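Report on the structure given below.
Order as written gives the chain letters A, B, C and D; numbering starts at 1 within each chain.
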Amino acid sequence: MYTEKVMEFFANPKNVGELTDPDGVGTVGNPVCGDIMRITIKVVDGVITDVRFKTFGCGAAIATSSMVTEMVKGKTVEEAMQVTNRNVAEALGGLPPNKLHCSNLAADAVHLAIKNYQERLSGKDSQEERQEVKCDHLA
Amino acid sequence: MYTEKVMEFFANPKNVGELTDPDGVGTVGNPVCGDIMRITIKVVDGVITDVRFKTFGCGAAIATSSMVTEMVKGKTVEEAMQVTNRNVAEALGGLPPNKLHCSNLAADAVHLAIKNYQERLSGKDSQEERQEVKCDHLA
Amino acid sequence: MRRVYLDNAATTPVRAEVAELIHEYMVKHFGNPSSVHWFGREARRGLDRAREQVAGLIGAHPDEIVFTSGGTEADNLAIKGVAALKGIQGKHLITSAIEHHAIIHSTEQLERQGLQVTYLAVDEHGLVEPDHLAHALRPETILASVMLANNEVGTIQPIRELAALCRAKGVLFHTDAVQAAGQLDIDVKALDVDLMSISSHKLYGPKGIGALYIRKGCRVEPLAHGGGHERKRRAGTENLPGIVGFGLAAELSRQELPERREHLEALRDRLVQGILGGISHSRLNGHPQLRLPNNCNVSIEFVEGESMLLNLDLLGIAASSGSACTSGALEPSHVLLAMGLSHELAHGSLRFSLGRQNTAGDVDYVISTLPGIVARLREISPLHAGRE
Amino acid sequence: MRRVYLDNAATTPVRAEVAELIHEYMVKHFGNPSSVHWFGREARRGLDRAREQVAGLIGAHPDEIVFTSGGTEADNLAIKGVAALKGIQGKHLITSAIEHHAIIHSTEQLERQGLQVTYLAVDEHGLVEPDHLAHALRPETILASVMLANNEVGTIQPIRELAALCRAKGVLFHTDAVQAAGQLDIDVKALDVDLMSISSHKLYGPKGIGALYIRKGCRVEPLAHGGGHERKRRAGTENLPGIVGFGLAAELSRQELPERREHLEALRDRLVQGILGGISHSRLNGHPQLRLPNNCNVSIEFVEGESMLLNLDLLGIAASSGSACTSGALEPSHVLLAMGLSHELAHGSLRFSLGRQNTAGDVDYVISTLPGIVARLREISPLHAGRE
């Protein structure tokens, strides 16, 4: 079902946890869907110097979360905004079709965290960016 | 499918053939149905002293023909009239359900032969008794 | 790697003696039972014996057994076969909200054609209340179908009571006994049901073969037309290796039932206690007593089922989350939702289903392994933070 | 006793390597392909490989293969699956008078529901005339179904031509290739058909498994509802041992096709010549050239088929008279009647169908045995008297 790469990132997830004093926080998903991903980032001079994830979800959800943290760490926020869910899936060697929707949202969570960081920069009192995901298959 | 007895009477049929100067002849069945049985009898003092059959048909048709000749040989015509198709099937240890109809007509053929014998006795110019059988399953 | 198979509700390994017999019927007694020759007659004998064996498992007469390609086809044949004869437009059918998809998707298909369907609710343990069935019965009801035991949570329904209510109103009653057969003592006459589905691969027989019990006098329209096989109730060259394997598996199940049940119940209880005792915020799903001997279904808070499954798999343990058919997708189990579980708890469910081949050692391996997995996953779960 | 099996059109023995593989998938890789764990993934791999192998036999894409419980179900799925989607009332379907009962009884069932059906006549060799099909096509025609090769007399139809006529009118075309697969080089793209049925147990694979080829873009309503198996086209836990066995048998058939064909044709011609040369008043049924490599169907005047079969059986030779499904009853073959044979000749038919395991010695055994049997039966036949 899953590629070796997925299983590797699932079994030994990188950057697990939550930064204590993050510059940006983003959360996607909802428990109805079965997947929730929460990303915290540290940004220094426009570069993501640290990033952590917490995820409730299936193997794909955990692996994509883990993968995306590796992909954006050390990147500028602009570069990180270019990383798509699709890039993440590709970096993992692909995902099963039924996992491409709900469980592949890690890049979205990063984008939300960056948005949150940018809003804080611009002075908005933004605690965290959240995005509920519609689960089509539950319709 | 068939009992051992059926196979025995089928494989080594008794009283095969046609009497050259019979006292009675009876034929049942038709080629559409797939079974034709022709019985010839010799009657002496009201007793069937000889009986032969010719049959075109399946295993059951041949076995029942063969069996009925054995059953009526040496019997009086009255006794032979009492032998039913069912008796024949029973004497063979039973027949498959789908063979009970078309292929189990040997006793009928004997009865026809006896009827033919009796008609000849009573002076009618009766060449042979024939009875076409309706094949229900061809309806 | 040590491999512990605890997904026997999804499918069971074929037992050795059954596999041997099947092999024999593939290479030696390979005839078509419709043929008149020796090969055909050998096949026919195998077919007849198997029909007796399967009938024997559920107290039926051999003529009341129609072999199908599995439990799904048996369910379809029961539901659609009755509907095709009794009518669809203006008619009504009753089933439960926790049936297998083979039932539910069949009734949904008939709904699209105009049949009215009532899906009986269940209580928090997954039980159908006979009173609910009694109230749902209508003059135009043609059939009620309630499963004997649920495949996900193992809850055993009061089938005799439910069937009696239908019998009293002249309504046909079907039960899906796919999970129950081989584990519970089933007697179609005592239960007084009209139709019952069973499946070979759930009782250590081969896949691809099942049976529908059709009570003498009860009729269904066939789904498959063709040769006059199965007394014109199911066309197609008989899957003879499958059938003889099913027969032997059924026969052995019948013989071993009491000890098998005892063995499974002991393992099950050990497993349930071990998990609930070893993991905080965990709970048993299904009925505490009225449950299949082999079923242990638990929900573990703050973590998702598939991620537990994958971790278990990495350690050689095979289990499932929800039913096998849907565990590839993240749909929460309709059974757990019908029992009132939240989506989170439904997503956090694990089913361990035991088999005759399992040992106490297998169970202990799970009990010692699972808590560590849960702890690690909770550590990365955003739901867990500060909840302990 | 020497046993010579010449009823390979009824069913074939499972070849040794296939039986071994099936055994492995019963006791070792016994998982349910829907499961996420190791056992499930092993099963899924076997399923995927088998789908490629079966697709490979007929030049299809793996996604175009739906596994069924056999040829009968594949035929039913094609006919009823199309009718359920395209409609029945006011619609029209074309088939031939010599189809297998799986087709004819399905179309008859749809006729009872209001579908109009044309049964194309065949000539004395069993051939469908493309012109007849062209004339039968109507604006309301939803499907035409003509078998690739006949199971009783072996006649091979001009499928490419027939399919092209339908394609030109936008009418779907199905062909029952159950007897042809494994004997003839079949390419669904070259034939340009929309649907094709095949069956494992006719090509040295196990019983209880078959496939329907459904061209990409073509849709059928499923017969069985339940889990989302086979991309929602056929519900039910996959018969994995059957499927992997079918896959391997298909793969080996594809590899061995040219030599198999040569082997069978040589045996067939030897048998036909031997019988026609050795027995007066005997004739070949079916087309002299356009026939299956393994089919030898003869009518022997003045004697009935079953009585010959039983005598052959007593000497260890397994053959059939008419098709296997009906050889237990004395109904004359609808195929032979459609070809214009008299009832007598139809009743006197014998089908010897060769297999890869047969040898010239087998054939010679029949040639030396049959004349004596016929002579004895003719002696007791009232039809024969004075005809020689």
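Keep in mind that, in the parts below, contacts are C-beta pairs under 8 Å (C-beta built on N, C-alpha and C of every residue); 3 or more make two chains touch, one makes a residue touch a chain.
Source: prediction; values computed, not measured.
Looking only at C-beta pairs that count as contacts, which pair of chains has more of them, B-D or B-C?
When B-C is set beside B-D, the one with more contacts is B-D.
Between the options A-D, B-D or B-C, which interface matches A-C on more than half of its contact pairs by residue number?
Interface equivalent to A-C: B-D.
Where the centres are mean C-alpha positions, what is the separation of subunit A from subunit B, in Å?
Going by mean C-alpha positions, subunit A sits 90 Å from subunit B.
What is the distance in Å between the mean C-alpha positions of subunit B and subunit D?
39
Can you check how far apart subunit B and subunit C are, centre to centre, with Cα atoms defining each centre and the answer in Å?
So the centroids are 55 Å from each other.
Any idea how many Å lie between the Cα centroids of subunit C and subunit D?
34
Two or more other chains touching the same residue: where does that happen in subunit B?
Touching at least two other chains: 1.
Could you list the positions in subunit D whose residues touch two or more of the other chains?
36, 306, 310, 328, in rising order.
Along subunit C, where are the residues that touch subunit D in the complex?
3, 5, 7, 10-14, 16, 18-19, 22-23, 26-27, 30-32, 34-40, 69-73, 75-76, 100-102, 105-106, 108-109, 199, 201, 206-209, 223-229, 235-242, 306, 309-310, 312-313, 316-320, 324-328
Give the list of subunit D residues in touch with subunit B in this complex.
For this pair, the touching residues of subunit D are 302-307, 310-311, 314, 328-332, 342-344, 347, 379-385.
Spell out the part of subunit B that touches subunit D in their complex, as residue ranges.
For this pair, the touching residues of subunit B are 1-2, 7, 10-11, 13, 16-18, 27, 31-38, 53-59, 61-62, 96, 98-99, 102-103, 137-138.
Applying the document's contact rule, which stretches of subunit B touch subunit C when the two form their complex?
Of all residues in subunit B, those touching subunit C are 1.
Provide the residue numbers of subunit D that touch subunit A in the complex, in ascending order.
For this pair, the touching residues of subunit D are 36, 41, 44.
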